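Here come two complexes built around subunit A, the first alongside subunit B, the second alongside subunit C.
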Partner chain A sequence: MWWKILIFILMCWVIVMAFLTPAPQQMIGEASRIFYFHVPQAWVSVVAFLWSMIFSIKYLRRNELADDDAALAAAQLGLVFCFLATVTGSLFAKVTWQSFWNWDPRETSIFILLLIYGAYFALRSAIEDPERKAKLAAVYSIFAFITVPFLIFVVPRVMPSLHPSDSIVDKSGKIAMSGDTMMVFFPSLIAFTMLFFWMFTVARRVLGKERRYLEES
Partner chain B sequence: MPTTSIGLMTKLLAVLKKDLRCEFRTRYALNAILLFGVTTLTVVSFSIGQKSLQPAVYAALLWIILFFSAMSGLAQVFIREEETKTATVLKLTADPTAIYLGKLLFNLILLLILEIIIAPLFLVFTDAVVSEPLLFILILFLGAVSLAGATTLIAAIISKAGVKNALFAVLAFPILLPLLIGAIKATTAVFSTRASGFASISGEIQLLFGYAVVMITASLLLFEFVWDE
Partner chain C sequence: MASNYIVMAVTLIIWIALFVYLMMLDTKTKKLEDK
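This part shows the complex of A and B:
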């Protein structure tokens, strides 16, 4: 229970302080406050993907449908956060780069992540039998995750990045944020990650109950 | 049951030979792939007309043709087993590794035939000029290996998912994207008139090679779970 209260306090802190502290990027101005929400969302969408893959591996090892519920729950939440990150990023791009979409490397990778999530759900919806569905979806999830390092290597070669490359970590690897920014950004990162894991436990329980209900009836 | 390397090789070739023979009797997959390739090539050629385009556009068009032609027929090698209900018998006679490698080689042969026919036709129908023929062949070959390596497992998933052929391209595309980007970049360099040799595309070649190795290894590990389902 205590950590749900902590999420609440952290979220309130982030929402209030994101608007009270000076904007994180003076050059961009007030619009750069979206940084406090956009970056954690993108981070969570990747964590969720990783989490889903871990439970997929677990499912293949132990063959228990409960692990598949967890993998599905993580993927569902990941899709929501991926969508939010895409939309907030697109709005931010309109303000700073004058267009909603321009195939910046990070825009490309988040778009591919959306496509992979989409393909994962398309595959699941195509199969009736729960065991077969779980197994094939798990294999696909692992197979898709393996390609991610290639994307990180290959995509920046197509287009130069418009993303501010030194907003979080500068070229020498040190954290390049002012104290005020850090005081909001890191709580936000923690709050969003905890929020994901909380939603994950709830979604997993719901999916498990649903599955058992269908099995009984 | 331990398998010796000689046993694996024999079984692998037996699976390949059986698939080639089945294919030769009906020629369904080959016809589908080749005719799809020729049709899209014709559409591309008509829409370009007399115009001469940038090398990057030619490279993209060539790989779009190859990608969608491959998508139209590569799943057939597993779908056939499900349609004729021979998957169980095959399961009894050979281990998953041999089956996967046999099917992979079969798909690779299909892709190479496709490329041998489509690539020269593409050069004839459009104004694209190859400045480095040997590098072009290397890129096409590595592209075929990567394409076959990544799609054979997806083909197995599709066949087990109740032959949902429409899903094949949807599932394969996000996984194939690094390969397609790399291959298109390398082909662009080969199509441009001022070629600078192997050094200019060595990064892409490494990418294609690494991608093929990783995807085939991952498929070998994961294939068992799909096949023994």
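This part shows the complex of A and C:
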């Protein structure tokens, strides 16, 4: 219970301080406050897709449908957080680049990622047999995750992009944030990560219950 | 600055609503699991 209260307090702190402290990028202004939500959302989507892959490997090794439920729950949440990161990024793009969507390498790579995980759900819905569905989805999830570091971390850095690349760590590897910014950013990262694990636990329980109900009926 | 307070209040309301919903869902699914 204590950690749920901690999530609540941390998130309240982040929301209040994100709007009361000076904007993290003075050059960009008020819109840069979205950084406190956009980056943790993108981070959580990577964690969620990694979690989905881990449980997919577990399923292939142990052949227990509970692991497939966990992989599915993580992928669902990963897609939700990835979508939120895309929306917040798009709002930021409107303010700084005057357009919601520019097909910038960062935008294109996140769009491809959304398509890849969208196909994961299309694959699941196309197969009736639960065992076969779980096996194919597990294999797909493993291959899908291989693209994640490439699409999130490599492509936007290799190709010329308008997306800010040194707002967390600068080119010399040092943290490029002021004390005020760190006081909000790191609690936000922790709060969003903890929130994901809580949501994951609940979603996993719901999917397990749903599966058992369908097995019984 | 006033618009910052409005956005902050709206975000806080959304967060509190999500938290309460998650707490309810958590309790309900735990009960179902224990059955």
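Keep this in mind: the second predicted complex is superposed on the first by the 204 of 217 C-alpha atoms of A that agree within 3 Å, B and C clash if a C-alpha of one lies under 4 Å from a C-alpha of the other, contacts with A are read in each partner's own complex, and residues count from 1 in each chain.
Everything that follows uses one rule, which is that a contact is a pair of C-beta atoms (placed from the backbone, for glycine too) under 8 Å apart; a residue touches a chain by one contact, two chains touch by 3 or more.
This one's a predicted model, so the numbers in the text were calculated from it and none came from an experiment.
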| field | subunit B versus subunit C as contact partner of A:L136, first or second or both or neither | value | first
| request: Give one of first, second, both or neither to describe whether A:V95 is in contact with subunit B, with subunit C, with both, or with none. | output: neither
| In the superposed model, does subunit B or subunit C contact more residues of subunit A? | B
| task | Determine, under the contact definition given at the top, whether A:I9 touches first (subunit B), second (subunit C), both, or neither. | result | neither
| request: Using the touch definition from the top, say if A:M182 reaches subunit B (first), subunit C (second), both or neither. | output: neither
| For A:L115, is the partner it touches subunit B (first), subunit C (second), both, or none of the two (neither)? | first
| query | Who does A:I127 touch here: subunit B (first), subunit C (second), both, or neither? | reply | first
| query | With the two structures laid over each other on chain A, which partner does A:R205 touch: subunit B (first), subunit C (second), both, or neither? | reply | second
| subunit B to subunit A touching residues, read off their complex | 153-154, 157, 160-162, 164, 167, 170-171, 173-175, 177-178, 181-182, 185, 203, 207, 210-211, 214-215, 218-219, 222, 225-226, 229
| query | Mind pulling up the subunit C residues that touch subunit A in the complex? | reply | 4-5, 7-8, 11-12, 15, 19, 22-23, 25-26, 29-30, 32-33
| subunit A residues touching subunit B - in the complex, by the definition given at the top | 60, 112, 115-116, 118-119, 122-123, 126-128, 132, 135-136, 138-140, 142-144, 146-147, 150-151, 153-155, 157-158
| Residues of subunit A that touch subunit C when the two form their complex | 4, 7-8, 11-12, 15-16, 18-20, 30, 198-199, 201-202, 205-206, 208-209
